[in-house]
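Lettered A, B, C, D and E in written order, each chain numbered from 1.
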Amino acid sequence: ACGGEEEEASNGTDGDATDAETSENEDAASDTSSEDGELEGQVTGDGSSTVAPIMEAIVEEYAAVQPEVQVSSGVSGTGGGFEKFIAGETAFSNASRPIKEEEAAALEEAGIEYTEVELGFDGLSVVVSQENDWVDHLTVEELKAMWVESGEEKTWADIREGWPEEPIEFYSPGTDSGTYDYFNEVILEEEDIVRSATLSEDDNVLVQGVLGSPNAIGYFGYAYYLENQDTLKVVPIDNGEGPVEPTNETIESGEYAPLSRPLFTYVKNSSISENAAAADFITFAIENAGDLAEAVGYVRAPQELYDEDMETIESLK
Amino acid sequence: MTTTVKPKIQVPEKKKESASRGSVYQSNQLNLWYDTNHALKNIDLDIKENEVTAIIGPSGCGKSTYIKTLNRMTETIPSVKTSGEIIYRGKNILEKGYKFEELRTKVGMVFQKPNPFPKSIYENIAYGPRIHGIKNKKILDQIVEKSLRGAAIWDEVKDRLNENAYSLSGGQQQRICIARCLAIEPDVILMDEPTSALDPISTLKVEELVQELKKEYSIIIVTHNMQQAARISDKTAFFLNGEVIEFDETDKIFSNPSDKRTEDYISGRFG
Amino acid sequence: MTTTVKPKIQVPEKKKESASRGSVYQSNQLNLWYDTNHALKNIDLDIKENEVTAIIGPSGCGKSTYIKTLNRMTETIPSVKTSGEIIYRGKNILEKGYKFEELRTKVGMVFQKPNPFPKSIYENIAYGPRIHGIKNKKILDQIVEKSLRGAAIWDEVKDRLNENAYSLSGGQQQRICIARCLAIEPDVILMDEPTSALDPISTLKVEELVQELKKEYSIIIVTHNMQQAARISDKTAFFLNGEVIEFDETDKIFSNPSDKRTEDYISGRFG
Amino acid sequence: MNYIDHESVAKKTNSRLLKNKVLKSIFLAATMFGLIVLAILLYRIVTQGSEYLSLEFFTSFASRIPENSGIKAAILGSIYLMLVVAPISMFLGVGTAVYLEEYAKKNKLTNFIRINISNLAGVPSVVFGLLGLTIFARFFGLGISILAAGLTMSLLILPIIIVAAQEAIRSVPKELRDASYAMGATKWQTILRIVLPAAIPGILTGSILALSRAIGETAPLVVLGIPTILMFTPDSILSTFTALPMQIFDWTKRPQVAFHDVAAAGIIVLMTLLIIMNSIAVFIRNKYQKRY
Amino acid sequence: MSMKEPNSTLNVQELIAQKSNRGLLSFVEKLMPKLLLAIAIVSVLTTLGILATLVVETYIFFTRVPFWEFITGTEWYPFANSTPTFGVLPLVIGTLKITGIAVLVAVPLGIATAIYLSEYASHRARKVIKPILEVLAGVPTIVYGFFALTFVTPILRSISPEVSIFNAISPGIVVGIMIIPMIASLSEDAMNSVPNSMRDGAYALGSTKLEVAIKIVLPAAISGIVASTVLAISRAIGETMIVAVAAGSTPRFDGDLTGSIQTMTAYIVQVTTGDAGYGTTIYYSIYAVGFTLFIFTLIMNMLAQYISKRFREEY
């Protein structure tokens, strides 16, 4: 019940939330504590490392509002998160891709009903080292040619004539990550990724790897690129309509295709109805996701999506 | 290439009233083996109350083994087997089911190397009473004082009862160990070379103490120092290779031994 | 309560030609400290070639310390300080810069406890020659045989040269250690109680060996066994509290010592 | 016939002495290598992390902003973890050591237990992580809690504590036991009142060193999957938590370089804890070394 | 001074007779060994727990992946969309690369350190150096991993551009540094226990310190030294965080040391920090890899025990 009152109040603030996180923080803080007093409880989540920066920001801000609610979130990747979600160990599961059919089926079998909540958008960024002076853009076909296992070692010259005959070094997020899944779906189209690729859940491994060699190429979430834009070079992607670089605008508008994708957290319905703390936290998350996504380097989703999610959550309480 | 030694060991005059005294320990046909090593062979000894009985003999002859059997400390060595009997106050302590913990509260023991516990002096003395269930602080205080007085060390330590016993000299430590024995008011005190690790002056003090204690307790003392046996004991048993060669009044043993081997030993011909 | 001991130690007849022999070692006003412990005090000794010199004295009097100084084995103990000189073959070995590794190839040493290396018998003997650069297998074979013969153990071990030296008995091990010494053809052999860990029969063998070796080598032997000193040595030095009390022909020392303390010691009154 | 030419021996001595000198310097250099690496490691970490080391670092939770990041949850988590690990591992370790040293007969079971302990000591910590995840977190349903992690860590350091306690118990002189038995004390009384008190310094030293290993262990926590995004301190042993090494691991994984400096600050704290624990252990060891 | 004054209120033996509760005491006395045995069994249960954990899930793994493919396959590619391959050899090779480099670093340095400490160093130097080495041994491996990635790797890369950011050499060296104290301290113990009389025997023949150290002490202590080395190798095989942070995650079946590799431990970390899809073959594969790792270290530990027992020198 308390969540309901809060929702109206926060909806009011949502519109005029500023970009600066500090003032946003103050707004949120005054909102909840004045109306609801202190909530208590535990909320456990896990999942995507792409979503982790947003979720970390949400948890951090939420702790300032409701210090007695113990929210924790692991970073096991989208797939790993869903495993725990299916096992009933978590109340929300962050995902950098929509839930898969098998996962949905497993949840149904486990009797867990869930709601998909939008947190923001990500532009999956393909990057090379700044020492790489030959790549200006890549077409989707070239990307696929590069990343699909062919049984032979690939050099840059194999991709486009005139590029050096140096073997390409690949860095990719781990296969259980939503990022990989997404890339797999839109670029690899279910073919095998090159075997020489370094697969890691550790995004820093990828950043360091690409930084380390002019012949390296990698991809990961937009936020990680932004963090390292001084040292990395992002590769514009040509989907038939000319090369497009990932920016806030191109991602939100969908112009950066096909690598622009939504980020979610999946929420267990029973947690919302039974755990006031969980309901409150998720409400807070929806209210603040847009701002915090931008604050940590992602792109906010259109407001209608947030509003829809909020309605669904409200109806569950 | 030959050495000729002719010792004379003087035995001080002692009152002899042994015959009139009761027995504390009687070993009958006592045998003991460490695995296959036959360390005690058919020992027959009758040890009287309120006397000092000395056990002498060369190294390895079984002196320590014998004295340890008297309070069943040999129990701690798994390989030990015994036969025969040791009658203490009318009961055979070697019998199965005999509670040796109880026996040991009546038979105190002092070891070759002073071995106080690494605790305070007070706690050392109070240890015995405590493990036997005495917790009353006042009673413990009394016991501690009385025992330390009994071991003639009260004056030296009364102001430092809370100090660690290892801060004392070796001779003092040994008297603490004697006091620790006295705290449970035993009936018999067994001593295994109690002065062999001590300097001459401490030795003297312990010897005097033994003379004093004998008024109240029966004392059995192992010593490799024949002069000491002569000085302080009423009876002496001479062990050799696990056998009792001779057991008699101390002055008889030292002045006129009946066995040639005893004579050889006390005249220093071997050992 | 008093023991009276009057020993008689018989000294076998020996040829006396000492005066005509050259010196191997002369210590002049030698002092040695372990930290603050003044272990050797103004030692003046003149040790002659091809003689057996025995050093006797009670425990802790500095016998081992002295003999170790002679090949600078005290070097291994960091706290040692010395003053005075030890002249070996005309040179002061205590001088700074004197290469004691070289000295030690000329001065062999045998220790109280047999200490063969945990290697084969052959390798034990060959160790010395090897480190001094002899690699030729034939020569080594010859050295090993000669040394083992010299130590009167060749016949006992010739068929088992590749066995570990620790498979031998204590007495044999000690003779292996002597052979190991001989392998570097030393000039002097120092022996620190070489038989004290051995049984009587092995002791006898080693003593005989010493008598034999003396023809070729100068031998300095520490012993706590006065009979042994009397039996095998030509000269005897009596140490007490780090001082040389008396140094003379062995038969003189044992029959007619000039110092009261020597007499007391050899008659067993202390020590 | 003379085989040894003492003159040539003398000549060769110089080169042998030189060889000795040269190798001595090499051995010394090798010894210094370890010390120098340690110095570099500490120096780098201190210079890298000191900027973030402030009081707030201890009183704030982790944050997405490096400047606001702190180790409140991590350090309290680590402390709670140790509060679980210390009693469990010491109880099990000392109990096992007492059994092996005082009661165990020489039989196959005893021998098996001994061999098993030394093998257990060599099992990689990541495998203990799998044990914890499968048995404690999932099978016993403890989840990702302090208790689950604490049990895992306890078993991980159990062999170290057993061995240390065995040594401490073994070094209690037999004379003390004999004295106690001679007073009529039973075996258990003797163990409880004489042996264990006398062995306590050794047991403590070993246990502290073992705990200092546990406090820095990361792999089992990673395998258990303890969370790093959390803004609260645990309130029971069934709470989820994060720990110092896990937090450090998380920071080193971040793409922002500033977080590496935060990680270094965390490492300074962890290393300080370790050095304090080691010093306490060394202090106890030196203080009580020879008492009997 | 008399102990049994007639008017004394104190009769300890009587008090003891009243107080003693022999029944309870003997009950405790009988109970304790059983209780303690139960505690001692915990360590056995731990091993059984580890075995059970590994065996059960490994068994399931082998119902999906042929055993033969697992132990002889040279391709470890569990993440393939079409045909995942589970040949463990690339991970084993990765582990061996790290272990090999670590041994190359640690054995000479560790033994040299041991020789210095036991044969050359003064008592005081030893007293200072040993605790410092203990600190080195206690540095958490995550710290070493961080050190490898941010210090050693950049140095290597400045020396040779061949070296990529993730490689076998840097973590190999750092694992080596981590195990130096272990080898040094255990070897030093072994050398220390060589009796001084042996050294004296050699010195008396004119040996230099070096000759004593190399020709007498080292051979006499060899079993302890070898055992310590084997134990250290076992540690290197099981080391996790250093390789997880600095070695990369490319399972490869070749001899290259400069590129990214993956070890058995790093694979387990990789999967548990994300890819542990409960019930998937990948999930079970971490247990199979863990089991392999367990067997490797078990063999090494048994070997170390065997060596130190079997080849103990007699002196």
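FYI, a contact is a pair of C-beta atoms (placed from the backbone, for glycine too) under 8 Å apart; a residue touches a chain by one contact, two chains touch by 3 or more.
From a predicted model like this one, the values you see are computed outputs, not experimental measurements.
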Sorting chain pairs by contact number gives first D-E
Of all chains, the one whose CA centroid lies most distant from that of subunit D is C
Subunit A and subunit B have mean C-alpha positions lying a whole-number Å distance apart equal to 85
When centres are defined as mean Cα positions, the distance from subunit A to subunit E in whole Å is 39
In whole angstrom, the CA-centroid distance of subunit B from subunit C equals 43
Residue ranges of subunit B touching at least 2 other chains are 101-102, 105, 132, 184
Touching at least 2 other chains, the residues of subunit E are 25, 149, 206, 208, 211, 273, 276
Subunit D residues touching 2+ other chains are 9, 13, 16-17, 186, 189, 225, 252
Interface with subunit A, subunit D side, in the complex: residues 61-64, 143-144, 225-232, 235, 239-240, 242, 250, 252-256
Within the complex, subunit E is touched by subunit C residues 71, 73, 75-76, 78, 101-105, 108-109, 111, 113, 115-119, 127-128, 131-132, 164, 166, 177, 180-181, 184, 190
Note: in the complex, subunit E contacts subunit D through residues 25-26, 28-29, 32-33, 35-37, 39-44, 46-47, 49-50, 53-54, 57, 108-109, 112-113, 115-117, 120-121, 129, 131-136, 138-143, 145-147, 149-151, 177, 180-181, 184, 206, 208-211, 231, 234-235, 237-241, 244-245, 265, 268-269, 272-273, 276, 286-287, 290, 293-294, 297-298, 300-302, 304-305
Subunit D residues touching subunit E in their complex are 9, 13, 16-17, 19-20, 23-24, 26-28, 30-31, 33-35, 37-38, 40-41, 44-45, 91-92, 95-96, 98-100, 103-104, 112-113, 115-131, 133-135, 155, 158-159, 162, 186-189, 191, 209, 212-213, 215-219, 222-223, 225, 245, 248-249, 252, 260, 263-264, 267, 270-271, 274-275, 278, 282
Listed in rising order, the residues of subunit C that touch subunit D in the complex are 99, 101-102, 105-106, 129, 131-134, 139, 142-143, 146, 183-185
